[in-house]
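See below for the structure under consideration.
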Amino acid sequence: MSPDMRARLAHVELANPVLTASGCAAFGRELSQFFDVSRLGAVVTKSVTLAPRAGRPTPRVAETPSGMLNSVGLQGPGVEAFLRRDLPWLTAHGVPVVVSIAGSSVAEYAELARRVSAESGVAAVEVNLSCPNVEDRGRRFASDAGAASDVVSAVRTHCRFDVPVFAKLSADVTDVVPIAKACVDAGAEGLSMINTILGMAVDVDTMRPSLAGGTGGLSGPAVRPVAVRCIWQVYAALPGVPIIGMGGVATGRDALELILAGACVVSVGTAIFHDPYACIRILRELEELLEQRGVERLSDAIGLAHRALPRHRTEENHL
Amino acid sequence: MSPDMRARLAHVELANPVLTASGCAAFGRELSQFFDVSRLGAVVTKSVTLAPRAGRPTPRVAETPSGMLNSVGLQGPGVEAFLRRDLPWLTAHGVPVVVSIAGSSVAEYAELARRVSAESGVAAVEVNLSCPNVEDRGRRFASDAGAASDVVSAVRTHCRFDVPVFAKLSADVTDVVPIAKACVDAGAEGLSMINTILGMAVDVDTMRPSLAGGTGGLSGPAVRPVAVRCIWQVYAALPGVPIIGMGGVATGRDALELILAGACVVSVGTAIFHDPYACIRILRELEELLEQRGVERLSDAIGLAHRALPRHRTEENHL
Amino acid sequence: MAPVQVTGTVLTIRQVDAYHAMTVVAPGIAERFKAGHFTAVAVGGAETSMLLRRCLSIHDVKPDYGGTVELVFSVQGRGTAWLADRRVRDSLDLVGPLGRPFPLPRDPVHCLLVGSGYGSAPLFPLADALQARGCRVDFILGAPSADRVFGALRARRMGETTTLTTDDGSLGMRGSVTDMLPHVIADSQADVVYACAPMAVLRSVAAVAARHGIPAMVSVEEAMACGIGVCMSCVLPVVGDDGITRLVRSCVDGPVFRGERVRFDDVGTIPFDALGAPGGRLAEAGP
Amino acid sequence: MAPVQVTGTVLTIRQVDAYHAMTVVAPGIAERFKAGHFTAVAVGGAETSMLLRRCLSIHDVKPDYGGTVELVFSVQGRGTAWLADRRVRDSLDLVGPLGRPFPLPRDPVHCLLVGSGYGSAPLFPLADALQARGCRVDFILGAPSADRVFGALRARRMGETTTLTTDDGSLGMRGSVTDMLPHVIADSQADVVYACAPMAVLRSVAAVAARHGIPAMVSVEEAMACGIGVCMSCVLPVVGDDGITRLVRSCVDGPVFRGERVRFDDVGTIPFDALGAPGGRLAEAGP
């Protein structure tokens, strides 16, 4: 019997747990050339900013072992064009939309939350906290429990009451748990993790940084162990809080790994660049894996790796 | 003309810049079956602890995309057996020795520094700060500028005056620069980076953590972008401070990447597991790359990627 | 028609001077192909550490075996080295056809096709399409050296005239394709220039064409992570119909652009007056 | 003799029931080989995401082509799947021979060789060496099912007696190799047992041998990252000559251990009385 794949983002039900990751599927339109986007659990949009942004200079991307660096710099059309053009397209195509928002001050996040959640068809808001805070010398909101908490509480206040808020955390911190707690205390219904990890590559031929921006965000399977660790730690500390897991998911096995660690749904990012069908393939693979393991409901697998189990090393049979 | 490959660890001259990374070449003996260890720039020992340690339960290792996780847990013979058996073997084989030390309190580090630096043949001491501080609820010394500074200053005080002290930093912090500065202010002559990154894997067949210890340290090419970024940031902030660079070096190109970012020598870790000859192969490749680029002295390449250079994107010719 | 993902089979692979030419059975791509399209090739096989596809122009399609595509490439780095190692019957994972193809003129005009290095590859199916419409086609093909001039023979067969250039003079005229451009535009009475070449060459082509008052359709090459328009890695500054500069994606809005619209001098930067530039233009409308 | 790294060529690869048997030209390894050695195989090719070598027992060496080694393996995961895909003439990067081989008795004693699954593979060169010393050799080989019993025919040719077992009864006796052990020890008047099998089977073998008062030499399998003794990933608790338990490396101190020295019940743990255990024994000498 095929497992029940329904998933939840707080109180919002999704048909399945495979989402696109912010910034890796634009606003859904391009992927719809390959498959019907309503087959996705949800589309998480590219982070929307108040004003249009041109982003950072090119080259913006460098391949690294099992990963890539990007410094796109939040290029996007701005909230107005998004609400006028992109959100209606998505809702017309029948897919739940998680709108990722990014600001450079608490007020900008609040304003974005207000405008975005006022529209119908928004399943949830994901707060991209990995943005530089112009009011704090460019320190990222995600680096500091206080700043993260300020943003989340402003977003929660300005967001329509029935739209859940997910705070997207960075792994580039000494300890992710206190920041996760601060976000939940400030009213986040859930957490998303992880954003890209700060990295860099130097081109040994030009002997210069590979990216025009110098540093960039590392994503792809290379970072999956860090994502699993963060999800594991936060699930252990805050067992009731839903987690959108992401970081290096390229197969159904990877998705299951994050779910077993504590994610209730997964977002797929970099894998889409390699395989435009990645999300629907991963969903199919995940379904098969659950079925093979006799798991009847996806929700039964969430955090399952935390259960204490005696190890019977000597009973293993590899032969 | 082949380039001058001599390198320096503070005032200590090495014949070349390729070292083994701590914990990835034990105490040198095993590698000597494959080549003469005196061809290495130096051997950095497995971290030495005061008492013998049995380490953590198995499984201790899991492969991840372009990386691996380990939770060896500093298994080792203790300082007494090290000084009696391993250090003499290394010095007799004519290779400079960097002794890595690991403690669980400031006093332990101080005691190790005193005992180790009293022996002849010790080129430098590397202080592994990624150990849990028993006096601070297991928080790692490397996570906190104050704790790191306390350890480094105690080590500097107890180390023989002519043995340079390198503080080995972790990338698992919100900002590595202040910790690097604190270590240098506390008397470290140089910095080593990066140690493994905290990660985790879940086995989707057993549905349990892959490592008996749960979390483990991520190493290998997957983490190289993080190493390059940390080296880049610290070199930019503290340009005069020598850096032992490591993290994912598997080829001469990788070594050059870290050197261009600011490392004065590189340590090779995980790559040894795949290729026991990795260090001497990497040295040869590095030498060839420098020669091809007309770099006469290795030291001229250190931090070269930092120089401001106008970009002539449109002059590039890929065809 | 929308692009598709195809697991094709390598039919032939051979060395052509400095290039590798590979024919892959990929019916879905062949049937959708128009000149100027490219394809994104997965490299490294299962369990590879190379995540990103490599983008290659489609040089030719043939109806054999339901449809084949031909790629021409030089080995640059690890991905193309892997590709050059493929053997007949190996399978290859392609996504395509991608990008906007070369726009074709309605009328039977005179077309000058300019290619440098492997940039010549996509010009031949373009020449076919143009000739089918009764256009006159002339070629200027160039490269650093003779072994990197691709398709000289075929150009000579197809083109009304064919001018070859090499930097070292080992074939044709010594110099760059742009050195010959004013001359050939005049001689051939070109109504439009089509070019596929490195950015610096395209810049000159666009400038020369503008000076001659004719349009240039240029196919650009920017590093691409996805090739399908979702990542925003491949952008360059292009002036829109409304006069506003935007950072547009070369994979879906290009790779073919009108030469006079591309701000070549600002490629690799964010021009201060581009839409959304820091401290710059913030709205679609207004100054 | 020290191990070497060899880039060998695949000479043959064939399926043998549930296993793949591969012969690789690797003279340096073949000439150094003793029964019980293993080799560490690089998997995935250039640009792979798989960093770690896979350890495989050496099943056989032959003098052909300067020296070949034969490996027998089952597909477990990504690395062995890649290995199974190799074709004749592909090259393969091996490090070996690694580990301590099976110790051989000085006298022509009776030896019982116990193998489960691919664990049988290293027993055949051992049997050769034993017979060359005039030892009597008997076999017990088993597996979950008939297709996973490796080398039954060869055992029947070589062994004084050969007992086969399968969990499902599809070949030989139904049950495990350890079920038959007491019986065969008695029948063959075994002076020593050699075994290569999963940990649980080795535990029983060691226990039964101890009960019969004869030594058991067991070849263990622990996950190995380096195979050459530098990483400390492959440890298990073994009692030393001084009675002290240490976590020793199975790659260089093993994989062959005296059965009674391995603390099978504590494998996967750090026994509290092991040298250096948390809160436990801290010095080489004294309690």
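Per-chain residue numbering starts at 1, and chain names A, B, C and D are given in the order in which the chains are listed.
Methods note: a residue touches a chain if its C-beta (ideal position, glycine included) is under 8 Å from a C-beta of that chain, and two chains touch if they have at least 3 such contacts.
This is a predicted model, so every value here is computed, not measured.
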item	value
Higher-contact pair (C-beta pairs counted), A-C versus A-D	A-C
Interchain centroid distance [CA atoms averaged], subunit A/subunit B, Å	33
Centre distance in Å when subunit A and subunit C are each reduced to the mean of their C-alpha atoms	35
Intercentroid distance (Cα basis), subunit C paired with subunit B, Å	45
Residues of subunit C whose C-beta touches two or more other chains	49-50, 267-268
Subunit A, residues touching no fewer than two other chains	58, 65-67, 212, 220-221, 311, 313
Graph class of chain-chain contacts, one of line, ring, star, complete, other	complete
Of subunit D, residues touching subunit B in the complex	2-5, 42, 49-53, 95, 222-236, 246-247, 252, 267-270, 274-278, 280-284
Interfacial residue positions of subunit D with respect to subunit A in the complex	49, 74, 76, 116-119, 143-144, 148, 197-200, 203, 221, 264-265, 267-268
Complex contacts: residues of subunit B adjacent to subunit D	23-26, 30-31, 33-34, 46, 51-61, 63, 65-68, 70, 72, 75-78, 80-81, 212, 220-221, 270, 272-277
Interface residues, subunit D side, partner subunit C - complex	44-50, 78, 82
Contact footprint of subunit B on subunit A as seen in their complex	58, 64-67, 69, 143-144, 172-175, 197-202, 204, 207-209, 212, 214-215, 218, 220-226, 228-229, 232, 248, 253, 256-257, 260-261, 289, 293, 301, 304-305, 309, 311, 313
